[in-house]
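Labels run A, B and C following the written order; every chain starts at residue 1.
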Amino acid sequence: MSTTLKISRRSRLPAPLVVPAVLAAVASLAPLAYLVDVAFDRGASYLWDEIWQRRTLDLVVRSGLLAAAVTAASVALSIPLAWSVMRSDLVGRRVWRVVLALPLAVPSYLAAFAWISWESSLAGFWGAFLVLTAVSYPYVYLPLTAAFSRLDQALEEIASVHGRGSTTRLMMLAARQCRGTIAAGSLLVALYVLSDFGAVATMRYDAFTWVIYGAYRAGFNPTRAAVLALVLVLIALALVVAEVVARGRAVTTMTSRAVARHRPIRLRRNAVWFQLLAVAITAVSLVFPVWRILVWVDSYGPEDGFGDVMSALWGSVRYSVVAAVATVLVALPIALLVARYRTRTTLLLDRSTYVTHALPGIVVAISMVFIGVRVMRPVYLEAPLLVLAYVALFLPLAVGGIRASAEQIPLGLDDVARSLGSSPMAVVRRINLPLVAPGLAAAAALVTLAAMKELPVTMLLRPTGTETLATRLWTYTTVSDYAGAGPYALAIIVFVAIPTAIATGRR
Amino acid sequence: MSTPRRFLNVSVSFLVAGLFPIALVACGGDDGESNDTSSEIADSADPCEGATGTITVYSGRSEKLVADLYTSFSTDTGIGVEVRYGDSGELAGQILTEGSASPADVFFSQDAGALGAVSQVGLFATLPTSILDRVPSEFSSPIGHWVGTSGRVRVIVYNPTLVPAPPASIDELLDSSWKGKIGFAPTNASWQSFVTALRVIRGEDAAREWLQGFADNDPVAYEKNGAVRDAVNAGEVSLGLVNHYYLFEKIAAEGADAVVAKNQYLPGDIGGLVNVAGAGVLAESGNRRAAQCLVSYFVSDTGQQYFVDESFEYPLVGGVAPVDGQPAFDELDPPAIDLSDLSSIAATQELLADVGLLTL
Amino acid sequence: MTDHPTLRVSNLSKRFGRVEVLRGVSFDAPDGSVTAVLGPSGQGKTTLLRLIAGFERVDQGSIEIDGSLVGSPDVHVRPDRRGVGIVPQDGALFPHLTVAGNIGFGLPRGSASRIAEMTRLVGLDGMNDRRPSEISGGQQQRVALARALAPSPHLVLLDEPFSALDAGLRAGIRDEVIAILRQTGTTTLLVTHDQEEAMSIADHVVVLLDGVVAQQGSPSDIYESPASVEVARFIGDANLLTARVADGMVTHVLGAQPCDRDDGPVTVLVRPEQLSIAGDGRPGIVERRAYYGHDGTLGVRLMNGELVSVRVPVEDLAPVGAAVGVVMRGSASLFAD
């Protein structure tokens, strides 16, 4: 079509977006700069020796294995779950749709404590696999439900006409149409697994993060920790590239209508299998941890008063909400640039935000300590630095969410607005912002819950003398005082589940 | 399009250029020159004289354990205390990373290893002798950087129904009759301190030999000491290598009737290592007098009694009695070792990894 | 300043990377005229429009609007300062604004009377508070036009504005839109790939083939005297026949006519409507047959093997396989081989 606007042919980028976006991207690369600096502390040959060690290789294999297994399981679970709640006549699908997203609200360390306090022999690969799959599959499930809802029903009808109407075939047909979405979700899961600390630490699975933590903590060997973290960054980078390649080839047939109306596909006898799957997943990822927490709460002695719980809750809410607002503000220019002016530069900006996200929180925390105490001494161990660290950590979450809604705005709208006398920034204000507003709210909710769950950065950078739900919980669980941890665990579940439900319901 | 890309490049190089000199300065400051400046206010009879203001404490000892102590210190002295709780190793890592810019005035650590690491890079000030003299010299930094505040002794916790005659030495644990029956916590700092002591006292080769023998006996790894104790009490394993107070904690929490496990002390054996919690004052502290006042409070009779009552640890100051049911402190006869040497944790972890007892 | 055309494009070139999308394009759009840029998809029409609107920068040549230079390698007036209105293919209404909000987008605050005037002009009274999703495609297109016209632009660019509409609606909306444009005297540049659309509504047609202006002129000029085989083929159905010039006469299978060319082989163009079926015509066999209701076409294979398309009244629609005679009216256009 001669009227299709080629995205690569956009005019020059508006500076009011570029400057903050570049600053944000560069700032989110700061932890990397610190790592490179420390890794080369003892010279390149030391770095080389550290990398080419059997144990480093083992580590790559162990972490890679875990990431691959969890990602594969998340995809395998999310396809039937997302498909049955979006495109079939599954009974209770409206409720399932939301319930199945809720495990996103369970912090990995909390889930891990729940399981290991119940059955200690779960420690190791299988425990880590179980917990990480249970908490991270929504990263595939959620975008997939959105993609399925936009999928053109014509495909399913054609498939039915051609006698390829078995439930599994229809499901796989739909899934193939959403390969790009699955690839993007898989990337999030894999990065999550690689950077997760809580689950592997609790399950004592020797993945990168735990070993890096050990090198920092007890080993006082920041160089090795930095070297390992760099290796981890390279793996993450390879994943990001792989995802870009996978996404580039994927073709999706979406309807042009905003929400495709379609007749749900009848599951008939198969319905029971889909119901069982949904029940099983919910039992493992949601009901079990909540049940354990209730057991803990039930055995709760008056370790802490109600006031302690409330002040920790206030700490969590305050910092995470401020962080969410700040992250969304920082993410907005990047998301708009990538969505509205896609060039190699803007893609680079977008991808650079993933670097910090892929780093284990503990590494980000330490590098923020290093940079913060020297460059931002007045706010070191004060709220602004903590918020800044959250922004660096969760930028890609917000960018991804905003970008998705910004990409849905036809580029033609910007052109028309320009021709009607609007400056580039007026276009952002009058067209882009109102249209991405729902995306902004969802992104803010996502960041809020991520920040409330976050542990290592909160631990190291929280203002001295203040506690959050996560740090309180950690304090009790490190001494295996599950009863004491109970109220905090419960509060996290309740107060993180709410934003999760909002984020899920908004779509 | 070329404009933003050029700008990005410039920004990155600006950032990198900005960070590296800072890093160099930070690394260059690690030569311990701060020692000289400490004597100016040292050795006044009362470290708390004229101390006011507010100090920041990095507390590797948990809030549950020591929060009340900080409160009573503030009440007694009028000095405000801002506490940053965390894991000792983590906080030591944080201080090392912060370098001379650390906002911490006092580092209160669970173990000597973390203190040694901070001492080694010269970030501690020398403490006044009035504080150091309260505690036997073997339980403090030999160069006066930190003082021990309470002691923990390594013991064998055993289940008497499974083990009528517990071993009296760690060397007996290598006997094949214990195969698969020993619990330990490979990542626990006290365990690693014990292995470090083994290396320092017996030498690398002998330490490796013992560890190899221990590993060949298929010990059962647990996450933490508390889990080892519980496993012993439940009969999952026959005995475990832990600190002495875990048993007393369980008795206090669940009552003596619920606990069948017992402690076997190892006087005269390297396995009976006494490790200490301790505290030091940061060289760059902006309020060193108040910081020293807090450390002196830890080794005061009030402070010492607090540790005995709350954590069942050994007091390090004469005249304060340990918990009933524990052997007297001077009967413990621990191995002679400079506790600052326990900071060579990295080498210990390498060794443990080599024999397969730890994954690095 | 009346000696300036509203739009003057001079020697305009644009490349993207290695691809030269426009080469030396020149044309004028006189004040108050409707000019159509006609060409197949992907041959630079949209790029031309984006250059005029200011969304792209000029590599070579110049663009003048009302006599002032707005685009050249050295000058680039921003799109928001060109006073050019746009009506895109899909309307591109702002979905978060009402009809009135859309129409008033380019107006200063408090322009309610102008909005009302425009709403009336495009016949959408009473729909001010509707959202774009609540009105029909044709109505959306009219809102888009009102929105473009509201700030009284020098020039309005229509980018395939009717191609997204249903065939049944298209002609009606098209005539309506052009009538409004003519009524307001707005200079209009219409980009389209539909030659029928261009021919029926434009005063002036610029044929853009492969980034180059292949021909420009009035619709009848272009239809009757195409400048090249390519133009001929693109504008309407064309029978292209081999022919030979000898001694001032060109001879082809359907006849001969005088010409002033040198001797040699040439190609001649004969429109289907110049042909008809008659018993004494050139004999041939019907190979294809298409029925359009009001009339039809026959594809006839002539004796020399050439296939010609003949527009015939319904009663002349012979069956496939029938032997017919083909006769030609008027003269053929010649192109050198």
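One rule holds for everything that comes next: a contact is a pair of C-beta atoms (placed from the backbone, for glycine too) under 8 Å apart; a residue touches a chain by one contact, two chains touch by 3 or more.
These numbers come from a predicted model, not from an experiment.
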Chain nearest the global centroid, as defined over all protein CA atoms shown = A
Tell me, please, which chain's centre (mean of its C-alpha atoms) is farthest from the centre of chain C?
-> B
Find the geometric centre of each of chain A and chain B from their Cα atoms only, then give the gap between the two centres in Å, rounded to an integer.
-> 36
Between the Cα centroids of chain A and chain C the separation in whole angstrom comes to 51
Where the centres are mean C-alpha positions, what is the separation of chain B from chain C, in Å?
-> 85
Across the complex, what residues on chain A touch chain C?
-> 1-6, 8-9, 11, 258, 410, 412-413, 415-423, 426, 430-431, 434-435
Please name which positions on chain A make contact with chain B in the complex.
-> 12-13, 18, 22-23, 25-26, 29-30, 33-34, 36-38, 41, 55, 116, 120, 123, 202, 204, 206, 211, 214-222, 303, 343-346, 348-349, 366, 369-371, 373-375, 377, 380-381, 459-460, 464-465, 471, 475, 478-481, 484
Contact set on chain B toward chain A in their complex = 1, 3-5, 7-8, 11-12, 15-16, 18-20, 22-23, 26-27, 56, 62-64, 82-87, 89-90, 92-94, 96-99, 101-103, 113, 117, 187, 189, 192, 221-224, 226-227, 343, 345-346, 349, 353, 359-360
Quick one: in the complex, what on chain C touches chain A?
-> 16, 41-43, 45-47, 50, 53-57, 78-82, 84-86, 88-90, 92, 94-96, 105-106, 133, 144, 147-148, 151, 157, 159-160, 163, 191, 193
